[in-house]
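These are the structures, in structure tokens.
Presented sequentially are two complexes of chain A, the first with chain B as partner and the second with chain C.
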Partner chain A sequence: MSTRAEEVRKKMAKARSERFKEAREILSEVWRSLMGKTGLILIVVLIAISIYALITMPPNIVSLWNNPKNWQFNPTVAPPAWIADLGEPVAPQVEKTLGPMMQGVTNGKMVDGIVPVVGFYQVYTLRYNLRHPAFPQGILAGIIGGKAALVGGAQPIVIPYIVVERPDGIKLIINIPTPMTLKDLLAAGVISLNPNQVAAYLAPRFNISLTVAQSEPVKLLFGKLVGSKIEPLLGTYKIDLILVYSGVDPAAMQKAVISHKSGIWRVKMVVKGSAYGLMGTDDVGHDLWLGLLFGFPAALAIGFFGAVTAALIGMVMGVISGYYGGWVDELIQRTVDVLGNIPLLPILVLVGVIVQEWNISPWARLFIIIGVLVLVSWGGLTIIVRSMVLSIKSEPYVEAARAIGASDRRIMFRHIVPQILPYVFANLVFSVPAAILTEAGLDILGIRSGLPTWGAILSDAEAYVRSGGSYAIWWWILPPGLLIGITSVAFVFLGLALETVVEPRLRRR
Partner chain B sequence: MSKENHVLSSNGVIRADELRVWFPVRRSFIDALRGKPQLYVHAVDGVSFEVHEAEIFCLVGESGCGKTTTGRALLRLVERDNIYGGHVYFRPSKEAFEEVSRLAPRAVVEEGVVDLYKVPDKAMKPLRRELQIVFQDPFGSLNPRMKIGDILEEPLIIHGIGSTPEERAEIIARALETVKLTPPEEFVDRYPHQLSGGQRQRVVIARALLLNPRFLVADEPVSMLDVSIRAEILEILFELKEKHGLAQLFITHDLALARHVCDRIAVMYLGRIVEMGPTDTVIAKPLHPYTRALMAAVPEPDPRNRLRIRNVPIKGEVTSAVFLPKGCRFRPRCVAYDQTPAIRDKCDNEEPPLVEAEPGHYVACWLHAARARQTG
Partner chain C sequence: MVGRTASILARRALFLTIALVLIMILTAVIIGASGYDVQVLRAIIGSELQAYRQSLQRQNIPAIEIQKLVEQRKQELIRLYGLNKPWEERVLPMAWRALKLDLGYVRSQAVANVVGQQLPLTVKDAILTVLPRTLVMLTVAELICAAIALKLAPLIAYKRGSLLDKAVIAYAAFTNALPLWWLAIIALFVFGYELHIAPTNYHIIIKYINEFTSNPLAAIKGIIEVSWLPVTVIVIGILGGWLYGIRAIAIRVVNEDYVYVAKAKGVPEDLVVKRYILRVILGPVLTIVILALAGSIGGIIITESVFNWPGMGSLYYAAIVSGDAPTLLGLVYITTLVYILARFLLEVIYILVDPRVRY
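Up next is the complex of A and B:
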């Protein structure tokens, strides 16, 4: 007898360990269908990329993204760099962080032949090789290493010069050197060109009218006049940043710079290319690759959060409504009726506008919007679940469970919920794209959370085109649009495959 | 019935006392506004009987007469809102009685007896152990997604019987052997759909027995089974009566089966008991016209009679349980009503009381009311 019982116990333990067999069976059945396989593979890829993104992205990506200062070294509205491999002429992006090529104290020497210097000076040099007929977008120097301390009791004054030596031998001082205190210069962080200044400087030297020069000053810098047209001048450009320190004792200044006590000792020199990175840039200079990468975990988070909470609320409400009946049922069903008649989009726009005014983190803003979406959208599932519960509730085994003393909670969670769970799960998978698409749609309508989601990138592109930009910005429009589409399709495929597996199972009951 | 002042006789386990179970018919909102009266399905309409220890008590009647509802009402599986009168008195085991009288002292009617519908839901758990049911449909009464082992373990977990998996396995093995599902380890890891109807019904019985009940409702337990398996299931129920003294309410529409199984029998018609008494007496000498009709309808196993069209003394269809006729509710179908003009006036206007026509044999018909003495 007790060996019998031992056998029984073993079999029951084994049966218990196989409880998830059904889930595995469903999964393998989904895998067998082409649609299910496609959906699953896509979703696995999406999740893998999201994990990669979460690991590699800087943790402060959102604040990084939203501060234009972080993107000033990038060209704006630039296509991806790999179009060069397709035969498209591209001016490359060159960025180099440099120490001074040369520094010293002089008394009236002409540095580079055209900059007269008295006192302590530094020269930072970048060589830029333009091999294809395309124009770079500009030149910029950012100050990476420096310190604004008094030297000999006085604040140093710095005069920055940017000198370009073109392949045709012409040497130009392309900025109007404006003396600044070291403190102000470090606060600005960059030494940039003022296009109008460049034009004003270059127009007489190229012997063209100022208006023509002003239209395309940077082109003038990297180009030559062929007739009345400016064409790129190929070859190697030598770009020097010359910093002249004055107002302090030159020897003391030199000492301070060498010992890193005051002055500037590291500079990032950039020639903005005509193409950039893996995915190009937008009008702010955002590296779209980073934004798109961020979009993966963001889309999945939005989709899963929206779908899971809606499904959970919908299921619990449906089970309660169907199981308890009476006024609880009436209350829930009438609530669902009311919610079902609320026009979703206007409500979301209203909430979005209110939330945009609040000074909270973009994530909080996003989840409030998705939360409202969830609050309005759980009703459909509730109605279906309720009807299923009504039919399951009248099964004799539910009455049998009551007869053996099972509590309401036990009956609901042990006898009813397992029956409807596969269906709820299929429904959940279907509503993942709904949340993603709603978020993207709100972005397009201008309801922005502040996160660089795919929808936000698309919406930026739309705003750019509307404000007069050209539709040729394919790298800005297509990738986020396609990614939204692919993600949605992946879940729809999985949902369709799941449904065909789950539905007959329900009927088989 | 020797009741003195007790609601339950000394060997009585459960008693329905003028029990009424009505189900309200859903009114449309407009009808409610117009002030149309609320209608009810009178599923059980004033039923009284008692089931004793070690007794199988049969409820017989055609479908829709309220026998299943009566069974469910006795187990308190009917919502309290649907009880429109009467009581169900139950004598639980000593331990259960003590627990209930502690949890719900108002439900105690007398020493050892509780009124089931006065026990609040929360205090029902100890009583649930002792009130069990076997359903007609062995396909529906087992959760198709649970394995037999899990199904049988559930009542043990709910009632905290057997603290370890080993103990529970022991109890389950024993229960399966009681219902002759051997070897038990062959069955615990199967799903219900992998068993035959008879095996499933035995699992259902095993589940009911695990909790050691004092009262079992067997609701047409064999009517969906093959004839060859019926005997085995009935054998199990017999054994429970003989060996364990289990009180059982056996619900059936089959008089022949009732004759074979029951100690006492009650015939129901439209929510009321029309005749009640020891099985042999009722079968041998049916008093109520309805019982006679039922008796005449029992098929005979003699093939020589197969071509003879039998004359069943009944007419018409079952009346609606919503709009009951005035007077005797069997009147529209009654042959005796046509044949005996003398009592028609009574039949038309007054509901016949259940009276003791001969010792232990009760009948509710004006044919017999005159010569019978009223029951208390």
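Up next is the complex of A and C:
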């Protein structure tokens, strides 16, 4: 008895190793063709980048991306910073997290010559060096470390000033310094440049009308007038954030700040550049590098989910249809007929519009849409698999298996499915791009899951141009489109190579 | 024999009709069961009541009276739009009426905007007005591709493995992978906005098509000026698929003995292709061409949206987004009907033309 079991086990192991051998053969044949090799290499690279993205990206990337507050320190619609290496003039992005350069109590003095101070005050300083003729997009100070606790039973009041000293010596306050409670200031989180304030101050200095100044106040701040044109003023800008505390005892306030009990002790000062990061930014200030990186695992997840489920349904339906025949076959084939006549995209758009209203997670929304795509699109594979099963069914070994009493399920999954598996796999690879392209296409129509996929980034770009923005936004349009194309082409190449390898094998049977 | 063929055709016709009915029911169920149409109808009623209230206020009617009148109007509207009934009784009869070609009236302003006309507007008129715009864009592009592919693809199959063959496969793979609408975005930005040699506003196609009967020559010139870029982009985007598809059909016959014999006899290459390859594969090729043309009348939603082209795809999109159930059901019905008719027509042609197909 045990020898017989041994024998069976050996035979099964042999059969298994033969399967592996066949898989290896197919793989090496695919590798020998140029298309197969290109496809395989590209897919390996895509998967590697996806893994890198999953490891390095913050886990809450989706909520991070969808909250504009997280991107307010970035310039908007800025090209990548490396255009500087191509000889383009670039105003660099400078961000520094700083502690106070100076803090103390005074009985009354002028800080920076223009800010009147009484009591406890702090000065945070950032120097910005503009070397190339380009305009930065603005100045922003954010509060990183601070706490709004009562000091001596009273809520501290703070007046923030941002003072810019230009290379030509002109000094101005660029925000509207209004007294706020410490609590409100911390809630606001940032102190920003006020364009009207800057324009009103600089218009008389440059002898231009207020309306002209108001049209481009930030350029004016970093510029000089040459004829009637504003050109960048090169040199070092000194930017001071001055916080003046009142409403509480100055000495107590100082003590509270030093012991980090109340007040502000850390700020992030930013000069928004004219270019940003590796891949630039969009109109919200999103770092497109992060979005594009997120797109890799997202695209692969969408593609694989769509392709694998469609292939599974298509294969199982095809095997059942071909193997059982009769009314089961008729039912499945007629279902495929109906599905083949459905206007696919309109139905997908309809479902997309509907689920957009639902209060579910972005991933759930996405997988419902791809699920509908799958439900409609498994028919093609079913027809092919059915015809294969019809010919395999009448092979002697299948009849032999049936004669010795093998169950239907065993015959289907042991004898038939392994034969058609290579073809199903080729078909699966082919259909990976379908789900990716569908998701991206729906994004373009404004049907968004809420995930920063490549399609979503492209759709933002398209909407930006439509609403009157500049169309010279190559860094925003080309990379996502090309990435969609490269990903799809990788699978199309591999699919083509697999097909040419698998088809003659099927024919030989 | 004839009786058998007729009964097979009748069976096919029955199945295709059932498929059509099922697709209409499916669409209606998606619209109704998801509660989508309710939401849209509530919005429509809300804005109508708002307008009604304002018009009453202008007539200096006392507030209590207004409240009563508005409430009365609200009940009327709820009955009119069928909101007092469950969705099965509201949407399914609509689908049933559509099946009888009673398509009803366009509900939303967004749909009327795509058509370029004012409400009230029947769904039938809306579709008939918009259809020619898709014909001059997508259907023309499909025809151009069909012509090129019929001319080139058999030759490419005949020279299987040549450099040209490989180039065509690679081209097909690339265009299959790159989204058509992305090519459209780039083309629109480059040729429209940057180089100014193509229009950036495509709504003007409405004007040219309306002028067609009064001044055909000027209209054709206008249509070409407006549509050259979309048509070119679509041709570039889908030609690869056409070439690959017809090449795949032709490849099955290029290795047949009679082709070798013809070659051996010294029949010139173009004659071999024409007589011994093209003629044999005409059946399946015809299938591809007819189904592509029938499918094209549904428009291409995404690319039309990129060009802001007021065609069938845009009509679909407007109907979906504004929740205009009558228009949407009408569109699904008409496009599916045309497609199914084309498939039936093909089966008839097969039986009539090809003596091998006798089931």
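Assume the second predicted complex is superposed on the first by the 489 of 509 C-alpha atoms of A that agree within 3 Å, B and C clash if a C-alpha of one lies under 4 Å from a C-alpha of the other, contacts with A are read in each partner's own complex, and residues count from 1 in each chain.
As a working rule, contacts are C-beta pairs under 8 Å (C-beta built on N, C-alpha and C of every residue); 3 or more make two chains touch, one makes a residue touch a chain.
Computed from a predicted structure; not experimentally measured.
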| item | value |
| --- | --- |
| Touching partner for A:A5 - first (chain B), second (chain C), both, neither | first |
| Partner chain(s) touched by A:R205 [first = chain B, second = chain C, both, neither] | neither |
| Which of chain B and chain C A:K69 touches, first, second, both or neither | neither |
| Partner chain(s) touched by A:A13 [first = chain B, second = chain C, both, neither] | first |
| Partner chain in contact with A:V465 - chain B first, chain C second, else both or neither | second |
| Which of chain B and chain C A:E395 touches, first, second, both or neither | first |
| Partner chain in contact with A:R127 - chain B first, chain C second, else both or neither | neither |
| In the complex with chain B, residue positions of chain A that touch it | 1-2, 4-16, 22, 395-397, 399-407, 410, 414-415, 418-419, 509 |
| Chain A-facing residues of chain C, complex | 15-16, 18-20, 22-23, 26-27, 30-31, 34, 36, 39, 169-170, 173-174, 176-179, 181-182, 185-186, 189, 193-194, 298, 300-302, 305-306, 316-317, 320-321, 328, 331-332, 335-336, 339-340, 343 |
| Complex contacts: residues of chain B adjacent to chain A | 72, 75, 77, 124-125, 128-129, 131-133, 135, 137, 140-145, 147, 149-150, 153-155, 158-159, 165-166, 168-170, 172-174, 176-177, 183-185, 188-189, 204, 207-208, 211 |
| Chain C partner contacts - residues on chain A that touch it in the complex | 35, 334, 337-338, 341-343, 345-347, 349-351, 353-354, 357, 433, 437, 440-441, 444-446, 458, 462, 465, 471-472, 477-478, 481, 484-489, 491-493, 496 |
